[in-house]
Amino acid sequence: MIIVLKPGATQAEIDHVIEKIEAAGCKPHLSRGVERTIIGAIGDESALRNLPLEILPGVDQVLQIQKPYKMVSREFKTEPSVIGTGGVMLGGKRLHVMAGPCAVENREMLIGIAKQVKAAGATVLRGGAFKPRTSPYAFQGLEAEGVRYLADAREETGLLVATELMDPRDLELLDRHVDFIQIGARNMQNFRLLKECGSVKKPIILKRGLSATIKDLLLSAEYIVANGNPNVILCERGIRTFEDYTRNTLDISAVPAIKTLSHLPIIVDPSHAGGRRDLVRPLSLAALAAGADGLMIEVHPNPEEALSDGPQSLRPEGFATLMEELRRLAAFLGREL
Amino acid sequence: MIIVLKPGATQAEIDHVIEKIEAAGCKPHLSRGVERTIIGAIGDESALRNLPLEILPGVDQVLQIQKPYKMVSREFKTEPSVIGTGGVMLGGKRLHVMAGPCAVENREMLIGIAKQVKAAGATVLRGGAFKPRTSPYAFQGLEAEGVRYLADAREETGLLVATELMDPRDLELLDRHVDFIQIGARNMQNFRLLKECGSVKKPIILKRGLSATIKDLLLSAEYIVANGNPNVILCERGIRTFEDYTRNTLDISAVPAIKTLSHLPIIVDPSHAGGRRDLVRPLSLAALAAGADGLMIEVHPNPEEALSDGPQSLRPEGFATLMEELRRLAAFLGREL
Amino acid sequence: MIIVLKPGATQAEIDHVIEKIEAAGCKPHLSRGVERTIIGAIGDESALRNLPLEILPGVDQVLQIQKPYKMVSREFKTEPSVIGTGGVMLGGKRLHVMAGPCAVENREMLIGIAKQVKAAGATVLRGGAFKPRTSPYAFQGLEAEGVRYLADAREETGLLVATELMDPRDLELLDRHVDFIQIGARNMQNFRLLKECGSVKKPIILKRGLSATIKDLLLSAEYIVANGNPNVILCERGIRTFEDYTRNTLDISAVPAIKTLSHLPIIVDPSHAGGRRDLVRPLSLAALAAGADGLMIEVHPNPEEALSDGPQSLRPEGFATLMEELRRLAAFLGREL
Amino acid sequence: MIIVLKPGATQAEIDHVIEKIEAAGCKPHLSRGVERTIIGAIGDESALRNLPLEILPGVDQVLQIQKPYKMVSREFKTEPSVIGTGGVMLGGKRLHVMAGPCAVENREMLIGIAKQVKAAGATVLRGGAFKPRTSPYAFQGLEAEGVRYLADAREETGLLVATELMDPRDLELLDRHVDFIQIGARNMQNFRLLKECGSVKKPIILKRGLSATIKDLLLSAEYIVANGNPNVILCERGIRTFEDYTRNTLDISAVPAIKTLSHLPIIVDPSHAGGRRDLVRPLSLAALAAGADGLMIEVHPNPEEALSDGPQSLRPEGFATLMEELRRLAAFLGREL
């Protein structure tokens, strides 16, 4: 950490800063310029980070040098992590596509769509049993019943299943019945939920919050890892900006950025990012080209009747066609799908 | 709801849209222009809102006319609501200031600061027992112990107390021991927590999320009200923008906007919005001038040693001086503090 | 245009709105619901768009149906436009890469880099003679001298050249000496400059502003086209968001969105979007995959010494390697480079 | 400037950085930690700022310490500047309100409104002769004729007049006929226009761009000052965010922030910020409370018929009432209006 003093800071002020640095177990290193003195704090920054050094008298700015996350960083582990379960491992050469309806609506529909996305090449069935809806009057999901249908679909098709966790009280249920546990964008900083996810070993798909920086996303991943579960898969799904043609703005740069900053796998959700069915194909292709380890795509047998997110859902046939194209692109890029 | 068809939509497509509208219990009303046909759906929009009409063949755009929230709207209740408990009622002529440390750090400190903010004119002591921290390595709060200290401070000083709820499993504890339950910005769309808050009668202080529109905030309030608890106090605390001099950007327009759109009280948190001690005064004055019903201000006996948010905390003396100024401004504005 | 009245609007208020609509040459069409009356204005919206209908007594909302731009829209021209000059035509099967230094620094360097980017497959040399720098103390470009060097580089290599116009007084000079005239992001709403660009026939590369929506970008293109120059090439170069790892956030969705909304070609500038050399490759691949018609890439012989934007510039060898990869991807996507 | 090296940077890499620092006339100061070496560059940062140090081998981050602007900073001039002309001086105890129509529409209307705003207490008449309109089909202003009418209104009423400059070719005309020259938000980074404004002595009202940080705004002011004109008045008029209830988001914190960072006066434009007539009053009050030196308010005799920005314009009577309230608030705040 570097503490930049104001021009004209007094010796007493400088001494006070030095004292704080030493009390936190770091070694101060002074550099006196013509105008200002700068103090480097050498050692482990984490103890200092909790101190409000910027308000000490005489201090102008405090600059952090070390990243605030550790275990999820590339410095901590230089090789990419390959994370998953039951043969569906993300982060290696093989790409995976998770597909299915936004919400589990009934057993037949779910099993029908599961067979179709499997036939098209998806390896994970996604479907919401607990639905985070912005309106209290919208369909909130089948809850435990939906989880049961997911387990049924898994049994019938052999697909692994992924669903969203919204409440710590449902963790046990999901841990028992599903293969991937998803944390939605609106819960990315629900720190209690993150901590709880540290208590299981199931891979957690952590979606980026609508106003979360890449650093925030990695800190949220650190919460899960630091609490005991190293199996985190990141998911870019669009951030909130002033652009309103799309539902959100897919931050495609986050894919290579995260590959540089972290060893964790990163997938992309083109359905929520664009919010429009016709954008799913170009955004999926772009995601693969940018280096994503997989995709999460909404597919519904009849989007017109979908209880949630119909406008951004592909039909099974459209999904199958897209998968063909993605498979060829993956091969072109030296990966497999 | 208004459904705008594409130029050249066929009669079959028009009929299909009409069918959907009627099936949802609304009455279609056609208007044929030279280029396009437009269909108004007359009746209760809420049934239609869950249908993805925009992807029906021939449809170009769908425009919503009714607001997606009801019970929190001014149409539902034209008079401002006055909400609170135990003599601290927000939304009327009298303004209230909630003050205290970001985090409850220990019993002595809390009671000390409680006495000071009370002497200065605050009516509610705020202090976090459960702390939502972006880093898993930062101080996470004293939890249940902190709640106990809040209850002690209440007993010693007579101040009401407010603290943040992060987990549905803690609701019972807070409902028993504190007077105002706060939902933090990062949990504004933690829908399970919102629903749970509908099951109690305690006033809920709902903070605006970092990327939440005013409409989103009102929808989150609607969650609580629709689930049974009409006692919601809104709190503007800054949104995330590209500006980085401040921690967040205080959306001062949200105060009069919410007064127009909703009957709920609205308070402002200048400490989190600006993230800088020297901005607390001007932002507090601006908030009152814009019509806020109260303020939530961080005060710490020794900000240099604060375990959380030191840079934005006032010292007790600074707070007392500010309160003097706010009291005079309130009187000038025809309100009381 | 649709005018939604407030519940309880009086007949006099309704008549007043109707009068305004008729005065603007449109035909009103009433639809009376239980709660509200809605008036559709049938005919050419443009006359109405300049009227502040939303403040007429009794009016609640005004919804626009027609797009505010015409000549650049897909409705106006359903086939994609192929725009360019001297064999470099954008918008067709063939992709083009424009490459070169951020700023023209001297004659030798420019001709050297021109030869290298040509050898690698670029068809246009880009280089700033007039530089829009945020600091008045930064290098502002060689101005007219820089334009002369560009003309020299063109003569020596046969590459076409592109440079930025910042001032209407320089248009004649650029029109005489360069092949593509660029309007920078910060001038996207410099309406006088846009109008002036309507007076020439040279293709204009219009970069998206940092806070411009896709609609704003298309309206700025409309300015040029409506003033007489149909040759506009759009360029996505990143928008400003809260994310700070990258210089800007590349809005990759803008590429397919613009393909749907407009007939104009769209290229991507991965150098300015990411602001980091290591992001140029993944963002370039993503841009092609998303359907871009070309790229604009910064290349500098010695980025360490660049007078502008060194951190995001590729070295010539890195550019040549990237071009190889882009050429293969273009072929895979059924295009040519 | 501080250069943070990567863990494991070689001695050759360190030497290379030192060489660059020395070549730029600064003195390097090394600080070797356990993990990393950090180099402070002591001296004038401006020479270093143009070098892309972040891409030198072995460099991890470059941190700037000095502000990129000088002459507009508080360090350069610790006392607030009082800037204006002909008795209308901004930045002192006395506040000023500039009022008038968005666009000059005709002579009679302008003189009529001038008399009314003068009677209400405005000291400057604002009105656009050259209008920056996002649509090429919208009214573009009366241009030179509009400037003449402003001069007439000035003669008739004694009010000073302010109007916007959009093109360097119009500067002479405005310099001759108006008292304050305005640079609009969309031209805040039209650097040629800024430079040109440095060649006159008229006070320049510089509006903040829609995606400009406070630092960007100050750098744009620095352009004008560094080019010879010290008379710059800053104007906060809202930034672009995801919130869509308001036209823009008024960044009220910018007022006290700019007071801390710069000696220049700062005024607020509540009309453009909110884009809604009913927000003008609360935002004006908030601006004064936050410390603004003045306001710029749109007033139109008949907003329903305004050729530009009708929805946000006050009627003269509404303006007079607001002025009464502002005058009382100014007195309360220890200022004059």
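Labels A, B, C and D are assigned to the chains in the order they are written; within every chain, residues are numbered from 1.
The definition used in the following text is that a residue touches a chain if its C-beta (ideal position, glycine included) is under 8 Å from a C-beta of that chain, and two chains touch if they have at least 3 such contacts.
Quick caveat, the model's predicted, so the values are computed rather than measured.
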Go through B-C and A-B and name the pair with more C-beta contacts between its chains. A-B
Taking mean CA positions as centres, which chain lies farthest from chain A? D
Compute the distance, rounded to whole Å, between the mean C-alpha positions of chain A and chain C. 31
Which whole number of Å gives the spacing of the CA centres of chain A and chain B? 26
Centroid of chain B to centroid of chain C, CA atoms only: how many Å? 39
Could you check chain D for residues that touch two or more other chains and list them? 211, 239-242, 244
For the chain C and chain D complex, residues of the former touching the latter: 46, 49-52, 54-56, 68-69, 130, 132-140, 166-169, 186-187, 189-192, 194-195, 209-211, 216, 219-220, 222-223, 226-227, 239-240, 277, 303-304, 306-311
Residue positions on chain C within touch of chain A in the complex are 211, 213-215, 239, 241-246, 249-257, 260-261, 273-274, 278-279, 282-283, 285-291, 328-329, 332
Give the list of chain A residues in touch with chain D in this complex. 2, 4, 7, 29, 31, 33-34, 36, 38, 40, 42-43, 61, 63, 65, 75, 240-242, 244
